[in-house]
Structure formats: C-alpha cells, structure tokens
Amino acid sequence: AQTNAPLLPKVPPGTVLTIGDPVTQKALEVSGLIKELSFEVKWANISGGPQTSEAFRAKALDVGSVAEIPSIFANWNNLPVRNIAYRERRDPIANPIYRFGVAPGAGIKTLADFRGKRIAFSPGQAQGALVLRALHAAGLKKSDVTLVELPSTGDVYPKALASKQVDVAPLGGVYIRRYIAQYGGDGATLVEHGLRDDPGHLYAPQWVLDDPAKAAALAEYVGLWARATEWVNKNPEIWIKEYYVGQQGLSQDDGEYLVKLTGEQVVSGDWSEVKKRHQETINLLAAELGYKPFDVEKIFDNRFEKTASAALAKSQ
Amino acid sequence: MATIWDADEVKSSRPSSRESAHTVPAVARPRTSRSRRRLGPGPAIPFGLQIGPALLVLLWVAGSALGWIDPRILSAPWTVVEAFGRLIEQGRLQDNFVTSATRALLGLSIGLVIGTILAVTAGLSRIGEALIDGPVQIKRAIPTLALIPLLILWFGIGEGMKVTTIALAVIIPIYIHTHNALRGIDSRYVELAETLRMSQKDFIFQVVLPGALPGFLLGLRFAVTLCWVSLVVVEQINATSGLGYMIDLARNYGQTDVILVGLVVYVMLGLVSDGLVRLLERRVLSWRRTLAN
Amino acid sequence: MATIWDADEVKSSRPSSRESAHTVPAVARPRTSRSRRRLGPGPAIPFGLQIGPALLVLLWVAGSALGWIDPRILSAPWTVVEAFGRLIEQGRLQDNFVTSATRALLGLSIGLVIGTILAVTAGLSRIGEALIDGPVQIKRAIPTLALIPLLILWFGIGEGMKVTTIALAVIIPIYIHTHNALRGIDSRYVELAETLRMSQKDFIFQVVLPGALPGFLLGLRFAVTLCWVSLVVVEQINATSGLGYMIDLARNYGQTDVILVGLVVYVMLGLVSDGLVRLLERRVLSWRRTLAN
Amino acid sequence: MAPHSSQLKSASRAVHVRNLMRRFATKTILDRVDLDIAEGEFVALLGRSGSGKSTFLKALAGLDHDVQGTGTLETPENLSVVFQDARLLPWRTVIQNVTLGLPGPAGQEAGRKALAEVGLEGREAAWPNQLSGGEQQRVALARSLVRQPSLLLADEPFGALDALTRLKMHDLLRELCARHRPAVLLVTHDVDEAISLADRILVLDEGHLIEDLRIDLPTPRDHGDPRFAKIRTQLLSRLGVETPGRRAA
Amino acid sequence: MAPHSSQLKSASRAVHVRNLMRRFATKTILDRVDLDIAEGEFVALLGRSGSGKSTFLKALAGLDHDVQGTGTLETPENLSVVFQDARLLPWRTVIQNVTLGLPGPAGQEAGRKALAEVGLEGREAAWPNQLSGGEQQRVALARSLVRQPSLLLADEPFGALDALTRLKMHDLLRELCARHRPAVLLVTHDVDEAISLADRILVLDEGHLIEDLRIDLPTPRDHGDPRFAKIRTQLLSRLGVETPGRRAA
C-alpha cells in the first residue's frame, strides 16, 4: 500500500468518485458548497457499516461515512479500508449518541447493575461494541450478563424493552425520547454510559486510496465535508427545515430534538487521541470475539490527518 | 349366467330410500332448490373475499376506539388515516409510490417473460431442463437477504440491481408454476397434437401454453405480490425514494404511523394485484367447469 | 346429402404424404424409434436435474482457478471448503444445523397442518373462504421483515416466535396451492360424488384431497424451501445458533467465506428438500399420464 | 302421452316430473316435460344426439344447480347414475372407484363381486387410465349397480361394448332388476337394445317426449318376432330413419 | 389370414405391419400381428372389449412410445386419428379444435364447412364441455376429416350417435372416401355398421387377427340381403355371439 505517496495538489480531470454519505450530500446542497466540487460525483444513498462494506467489495462505492466499528471489522475480514477523516462531538460525554434504555421494573441505575441482566446485543454494529465497552467499564465479563442477539434496526429495541424481552438495550436518536415518553409511565428509565461513542469517520477501501486521482478527489471531498459540518453547526434552523423535515419527513419537533441531541460536531486535526481509543476498542473486540488484534495504524491514512482542519482554516 | 352379488350389509348402513319433493314456482329464474345435497362450496357470496379484510379493519377500529389496542403497539386507524393525509398532502406518498411502481412493474414484466420462456424451454426439452431447472432451484433455496451482497457484486447498487432483484424474485414462481403445469398436461392431448402434425409453434401456443394457463396464473398471483414485497429488501440499498425506502426511513425514526401507512399500502397493493389476477383467471379460464362454479 | 368441403389450399401447405419405415430388431426391449415426431420432452436424462448445479460448481472452480473471479468478491471453492472444514471441526456447523433443522421442521409441520385445514375449509365453504382467504392474502402481501416487530410484540423473542414465524410463512403456499387445486377439481367428479351420497368425510378424503394432491405437492415444494429460507429472518432475533444466525453474523462482520458456507448449505438443503418432494410426487401421482412421462 | 303415466299413485311411483323446463342461454332443451315412472318400471329413452337426454337425466339426478329452469321433481333419495362418460376418479384404483363411499369390508366384498360380474376380475388394482374404453364403462356400471338403487339413471351405459359383452351386461341388468326391482331410466341409441330390455320406451325430440310406448312383448324377446320388427320400424321413423331394409344407405 | 393381405406391392399399400407385438407388464395384447392395408381400402376392425383394438390403432399411429413391444411398421406420414374419447382440447373452442394447426383463413373456412357437415353449424364458438356426448364425437370426426388424411384411423367414431345421425355420418364418410380415397381402419362394435361400410373386416382376439373377411356385396348394401345376414352371423359367432334371432337373450 502506497499510503506514503503524497497526495496530488489538484484532482486530475475525468476523475469520478462514488460517495455514500447522504447527510453530507444534503448539507453540501443546502449550503451551496456542492458547487465547489471540481470532479464528478455519483451520490449513493448508502449508510451503515455492513452495507457500505458490501458496496466497497462490489467496487460500487469509493467512500462511506460511518462510526468507528466498520473499518475494524472490514480489516478483520479481508477488506482493507482506512479512515480518512474524523469528527467528534463538542461535549461527548454530555452528548452521547446512545443511551441505555432500561425495561420497566428492571431496577437498573448504573452500569454495575447490568450484572445478571439480559442485554440486547447486535454484534458487528456500533451498539454491540458499546455494550461490550460498557461491560468492560463496569468491570463485568460477557459471562456476567445474558447477551440477547437482536438486530438494532428500527424499533426492535424499544419494542423488546417495552415487552420486557430484554432488560437493557442501547437506544439512539428519537427512540431515546420516544421510549421514555411512551413507557416512562410504566417505569421505563435511561442509564447514561459515560463512554465516548461519538466518533464519525469517512473511510475508503485501500484500492481507492492507491489510485492517485481518486485519492486527490477524496482529499478535496474531506475538505468540503469539514466545511459542511461547520455549516450545519452554524445553521441549525435551515438544517432542521431542509434535512429533518424536508427530506427525512420528521416533525419540526423531532428535528429540533435531534439537533440538540447531537450538539456541535467538531473536526479534529489531531488523530492521536482517537487512535488510542480505537486501539483499545480493537483489543477489546479481539479479546471478546476471538479475533487477532492489529495495529491501529492499519486503518488510518495519515496523509489525510490535516486535510479537514486545513480546509476549515482556509475557508475562514 | 350372472350370480348376483349381495350387498345387503352395505345397503343397511345407508339411509333408507325415501322421497324428496320440491317445487319451483317462479318461471325463468335460476333454479336453486334441489333434491340432492350439494358438496361443492355453493354459489359465491357477493364481495365474499372482501369480508375477511373488512372484519379485520373493523376489529382494528373497534379495538382502538375501545382502548383494547395499545396505541403504542398499534397506532389507531385514525392516526394512520391522518398520516395518510399528511403524506399525500406533502406529495411524498405519491412520489414514493410512482418510484416503487416503476421498479416493481418493470421487474415483474421482465421476470414474467424470462420465467415463461425458461419454463417452456425446460418443460419441452430434457436438455433445457437439465441446464435450467437446477439453477432455478438454487436461486430459490437462497434467501434474498443473503443474496443481496452477491447481487450488489454483480449488478452494482443502481436501478439495474433493484429491477434485476425483483425480476429474479418473480422468475421463480412463474417458472415453477408454469413448468409444473406444463409437465402436468394430460398426455392424451400431447398424443392428439402429435397426430395432427402440429408445428412446434402451434403446439406451444395451442396446446402447451393454454393447457398450462391455470398453473401460470397461480404463479402470476405469487409474482404480483412478490414484486411489491421485494421492494422492502431492494429499497434498503441506495434508494432515495420508494415505498420500501419510506418504511425503512420511518423505522429508523420510529414513526409508527408512517410504517403502518406503508403496510396498509402494501396490503392494498397486494389485495388489488391478487384480485386483478383472479379476475383475469375467471375470464380466461371460463372454459373450466370446476368445484368453484 | 353431403357437400364435401374442399380443403386443397390447406393440404398444399402441409408436407406431402410420404412413407416412413422403421424396424426394431431386438425383442422385449422398450421400443424407442418411431415414425411420429414426439412433441413431449422425451425420456428423462439420468441425473438430468443434477447437471445444471454441477455445471455451476464447475464454473466456480474453473473461474477461481484461472483467476477470473476476484477472491475478494467471491471466495474460491477451496477457501469455502476450508471454512467448511473449520466450521465442522469447531462443531459450529453441526450445532447450527441441528438448531435450525429443529426450528424449520417444527414450523413446517405446524404450517402444513394448519395450511391444509384452512385450505379445505375455505375451499368447501363460502363462509370459510370469506373469513380465511382475505387474511391469508393480507399476510402474503406484507413483507416478513416488516412483520417482525409485530411478531415480537405478540410472540416474544423466544423459540415460540421463531417457529410461529416459520409456520406462518409455510401456511401461505400450502393454503394457496391447496385451495387453488381444490377449487380446480373438475365439477364432473363433484357431481359424481353427489350422486354417490358420500359423507362429507369421504368426499374430502376420496375426492377433494387426492384430487388436489398435485397442487398440494407443488405448495409443499415451496414450503420446504421456505422453511429453510425463513431462518435467515427469524434467526436475526435472539438466536445464538442456527444457520441463519451464522450467516447474519458473518454478514455483519463481512466474513465472505462463512457466508458462502451458509449459502452452500442452504442450496444443498433446498435441493434435497425439493428433490424429496419431487420423488414423493412421482410416487403418489403415479396414476397420472402427463407430458412428463 | 299415454294416460297411465299421470295416474300412478304417489306411493307407487319412483319418478314424478311436471312441467320440467331447462334451457341453456336462449336454447330451450326441455320444454314443460311431464313424466311418471312406476317403481320397478324399466324405461328406455331414445332421442337424437343433442336432443337433451343427458340434460334430462342430470335434472332427474338433481345435478343441474347451474342450469336455468323450473318444474316439479320427485325422485327417490337412493338413486344411482351411470354417466355418459365413465367418470372414474383417475386418482383412485378400479376397486376404490367401485366402492367409493361404501363402508368397511362388506363394501369391499360387494365391490369385488360387482367387478367380477362385469368381467373385470383381477383388475381391481388397476388405474382407470390403464383400462380400455369398454372396461371403464363396465367399472362405472359396476359402481352404480353395487349400490342397489331405487332409481337407476343410465346414460348409454353399453355404448362402448362389443356385441357379446353387451349381451352379458343386458343379462346382468335384467337379473338385478328382477331381484331388487329398481326403476330404470336407460338412455340408449340402440333401438333393438331398448326394445329387448324396456317395459316402456320414450322418444325425446325438440324438448318434448314425442313418443311413450309400452312394450308388451313376452320376455325373452326374439329379434325375429314380427311385432319386434314393427315396434322397431315405428321407433326408427320417430327418430327420422325411414326403413325398409332397416339401415339402407 | 387371407392371402391377399401380404401380397400388396409396397407402392400401393398404405399400411404394412409385420410381427407387431405389444404388451403391458406381463400381458401380451398384440402377438406377432401382420397386416397390410391397400391405399384406398376401407377396413373395419371388430373385437371384444379389451381385446386390444385401441392398442393396435395407437401403435399404427406411432403413439405408444411408452409401451413395450417390437415389430415393423410402415404407415403414411399423413394419417389422422379419431380417438375413442373425443379428445377435444377443453381450452379451445369447437372451431379452434377442428382447425388445430391448420394455417390461415383457408383452414378456418374448411373447418367451418366440416362442422356444418357433421351437423354442428352455429356451434363454432362453443366450448367442448358445452356439447353433448354425440356432438363432441362429431367435432372429433370433423377434425380428422378436414385434414384429408391418406390413412384414417377411427376408434368407434360413431359410438355415441343415434341411428339417424349415424347414417348421415356414414354417408359423409363414404363420400369422403370416394373423393380422396384414404385408407381407413375403423374400429366399431356394430357388426351391421362394419358390413355396410367396409371392404374388409378383421376380428381381433387374444392378440391375433382371427378373421380377415373381404366383403364383396354391392353398395349400397341392403341389411335385408341374405348374404348380409350370413356375414353378420359369421362375424357374430367369431365374436362369441350365437344367433339365430340375432340378439336373443
């Protein structure tokens, strides 16, 4: 892998990139930043680790936007990929993506109370990793709890909690609020995990990064991605109206809630912290799921470390 | 010469012979009373097939109104009707429907043609069967969900993949039903065709296809619902509109009323499609005299 | 009295009358040569149905060996065989298979019985049809994936839910095929049954069920693959073993070789199940004289 | 119409038909037909192809749910039909077809005897489509006779039989009639057959029974008998065939 | 067997059969049958029910792929079969059944004429199951005749017809034979019919052709003719029926 070959300063003409990052796409459109793209883009509405990886494998996609887990599993399974951009939340502990929902009457107040309980677990997804990390943080082993394998799609988790099929399940987005609103009366509660669960990445397969033209285009895209992130931070009203209400079909109320839940997202020009946390996650998952741990450097392309922050600085 | 058998033991266990009388006074109207017990299902109840669904809707309405159904579990019908209104007002339902319908009907048409051709080929030639039948059974044995990664590999993530997936799904019932019906055609009619020195074309269009039509139409009933149902799977992948996409999105955000709107649309599409095929069945199979009529 | 019609125009377009001769010297062996063109598919090729799958495997082996197939896209057969070996050694494959087979066969049996009873009830009574047919069509129109949250609510996440889901899936083809076949029974046989003053039981067991058997068996062919295929969906939920679970897990992690092992197992299960039903078909439908034989 | 037919007391009659009408679309097949058949009476029904004989039989058997029509009908519950097509269930063996709906080993035994009587001993386990046309017809006959009906409706039950087998079946039918005295309505195209078997012969034409002839010849009936020939000539002329020389071209 | 049958020159014969054997399981139906039929010859085939007449016809038509057997067969390509069952495609209308495989409007026209000839004018658009038994049989006859075959194989084509309709069909067949001179093999149970139509009569029994009788009576043939009666008696005795008084019980 030629991850040391310097990035080209300009994107060669004729370069095409297939990008699976629908949220940024919308932000670029609304903000007008999309006009600055100097190469041709094919947008794909693909998100989530398994799907993005499948599309990578099929050579149908060049770059995707996910959390921390997918790049790790891809490398364990013969699909070399690297993260090329990283952003986090402004106050990550106060603004986590997930909270643990507790079934009515389960009597759980802290992570330590997880012992002996049934916990919804979706291996291979961020929620699954979070459960393992929460157990680790509470000093529990996998065998101290009952992991109930459930896909986290849609409202499966809140429904499973409400019907007391599980005691604990990580909830995200509107489901956090909706779960309490609907079942709080019955005794449903939430537990904060106090862990970092906020990283967001762009990642691309090695063979795309090895193509100098595409790598240059990726660099340009990373810059725009950073500026789009900034733009969303600064224009929450427009964002709610255009994205959550206009495109996703949510109510204004839900949109506002989600924006508040996310808080501000910041693009970092220094990956050392995130690499450290990633390495811990890799080691934990390897130990719990029976994989060989590997060096975190395998899943970062350091050429892009400063790309995002540089683009931000330049635009201001 | 005849030694008449004696079946008195048999007879004694049957109802004793008695007279039954009936009179039909009115002239020129269908005679309905009769002396013989009727074993078939009898005449069709008008709108009979709509009774079951109507009852379910009634149950839903009553259950929600009387508070038997927890609205957190199943939204009340009026909530769903409201959501319907909202989605239509916003134009989302129509847009999604048009996108989905285009995909579904395109996939259906392609699958229909290919499935029928495969069935006739495999049905009339042992070599065709050897080459076609196994792969079709293999396709059938693999869950679509598990096939998606491969389909993405081969057909990408664009419209082509979506239509192909639907067509592949549709091919299965069309092929299997048509092939089965075709192989089930009474050999007496094949003998007849042989003595009439029919061309292969005439044989296919006069004997084989019309003879296999009842089977084909049953396959079509499966195909028309399958093409809608497949949307849920294919529109998870790189779709920005469509009914499946709409449901998926709503599931992500927990919009139960929108999910139910989607399901209700599915049900209506399914019932209407199936109903249309049944109507077609009654028309083109009017030559049949069966238990049904 | 007869004015003989003249069809010389017709005749001229047919091949002119000629003599064809053939001799079969050997005694007591089936006569194969014949003067008349045969329109049916002819005698079965031994192991004909296995040729297609065998060719596919060959293609896969050759493609992988010659480097046409990117192993990142489709693992090579030997990788899959290796994975097979590994999984068997670890005992995972066997365990998963036993778990899945139990679920599948339980669901199949329950679905079979219920589906048949529903079909006979709806087939022989208009009221039964009014109540049963609509709901079945509705079930059919809703994608299983979209039904899962409701099934969890109603049946929990335990074994009960899994078996129920499989049974519900199996009911559909059994019901529709049996109902359709039953309604398609020639009314002449129903008339006969009426004059014989058969009991309802005799009518069902002597006329209706054997007459609908070809349709039922076709439904069974769908049911036996469906019960395996459904595993992929149900074993996403609270399963810690099973073939569907194995594939799901592998898909989440992107383990292509394990996915392929799962698919190969599915294919084998599907082909064997289908083959068994076809064998049964040949045995119990031996009274039929059709295009197939 | 002969006066006797309407004067049977209700107690002694097997069939009572008044004003029977049947039509398909616009075509009236049976036009206000009246008929009485006494218990134990053997009636033959003649008529052109398409004149409505089968339609009439079906109406008597109560099998025309879907046919337009009106009229009064009285028939015994315990009737038995030999259809014009043999109508064997293709998915049941020969013996199963004969014993359809008969319970237990007694039914089996009676079925086996009936099969032997129609000359099909040893073919019990055959499928219907393994039988010749005449054999199928005889199975259908056996199926009807084994039930010992009070009314036997038979639609050309001997049409596919050769001369010898036909004579044997005539004997069989006669003996059964002598034993159990069912009323019989036999459709046939063979005028000689009708004359040699029946007590009474009807001719159906254009929706009406245009002939109702009582046959008073002694049995067994001799085809050479001049009275036989006279009845034959009369019936044939009713059917539109002018004879001397019987079937001269 | 009459010597003439094996001495036909290959050029002038329509059917040439040597050593034909057919068996079902262990039962031999045709046992080394030899037969020649000359072009234009009208042959009637008699035999008991189940004697193998239909099996023989099927073999001649080349339709017994799945039956065990051996032998030499020569038949013209252009042959036509009237099956014992009418065998109309239930999913085609009457006219479509008659013109099956005939191309274009000429075929349609011929089909319509043929239907009118068998007395079914105006029933073109009916479905087969809307016809009476005899009507179906006549459609099958029309379908065969409209093709003007060199060899007509007819398996009891008049079995379900009344006397008058039957005579009309006889006339029709005779006129067609006079015009196009096909070879005909007609299976019938009616001995009088065989004598009045055929040039030659065969009787099949126990797998062998036990009778091969040339009929030299002038046509039209008079049923009252004593030679007619003599042939009838001879054939009936071959079929196992002893007459005087013809069909006395």
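The letters A, B, C, D and E name the chains in turn, as written, and every chain counts its residues from 1.
By definition in this document, contacts are C-beta pairs under 8 Å (C-beta built on N, C-alpha and C of every residue); 3 or more make two chains touch, one makes a residue touch a chain.
Please read these numbers as outputs of a predicted model, since none were measured by experiment.
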**Request:** Work out the mean Cα position per chain and let me know which chain is farthest from subunit D.
**Result:** A
**Complete:** Heading the list of chain pairs by contact pairs is B-C
**Asked** Could you state the distance in Å from the CA-based centre of subunit D to that of subunit E?
**Response** 27
**Prompt:** Measuring from the mean C-alpha position of subunit C to the mean C-alpha position of subunit E, what distance in angstrom results?
**Reply:** 44
**Prompt:** Using the average of all C-alpha atoms in each chain as its centre, how far is it in Å between subunit A and subunit B?
**Reply:** 42
**Asked** Approximately how many whole Å separate the CA-defined centres of subunit C and subunit D?
**Response** 46
**Request:** Give the residues of subunit B that touch two or more other chains, as numbers and ranges in rising order.
**Result:** 14-15, 36, 38, 149, 153, 188, 193-195, 197-198, 207, 259, 288-289, 293
**Fill in**
Residue ranges of subunit D touching at least 2 other chains are 61-63, 77-78, 85, 147, 171
**Touching two or more other chains - residues of subunit A** = 54, 57-58, 154-155
**Message:** Please output the residues of subunit D touching subunit C within their complex, sorted ascending.
**Reply:** 58, 61-63, 77-81, 83, 85, 87, 89-92, 96, 100-101, 127-129, 143, 147
**Complete:** Contacts from subunit D onto subunit E in the complex sit at residues 24, 46-50, 53-54, 84-85, 119, 130-135, 138, 155-156, 159-167, 170-171, 174, 189, 191-192, 196, 219-224, 236, 239-241, 244-249
**Request:** Mind listing the subunit C positions that touch subunit A in their complex?
**Result:** 72-73, 148-149, 152-153, 156-157, 236-240, 245, 248-249, 251-256
**Asked** Inside the complex, what are the residues of subunit C that reach subunit B?
**Response** 14-15, 36-45, 48-56, 73-74, 123-127, 129-135, 137-138, 140-143, 145-146, 150, 153, 173, 176-177, 180, 182-188, 190, 193-195, 197-198, 200, 203, 207-208, 214, 218, 221-222, 225, 228-233, 244, 247, 251, 256, 259, 262-263, 266-267, 269-271, 274, 288-293
**Fill in**
Given the complex, residues on subunit B that touch subunit E span 188-189, 191-199, 202, 206-207, 210-211, 213, 286-289
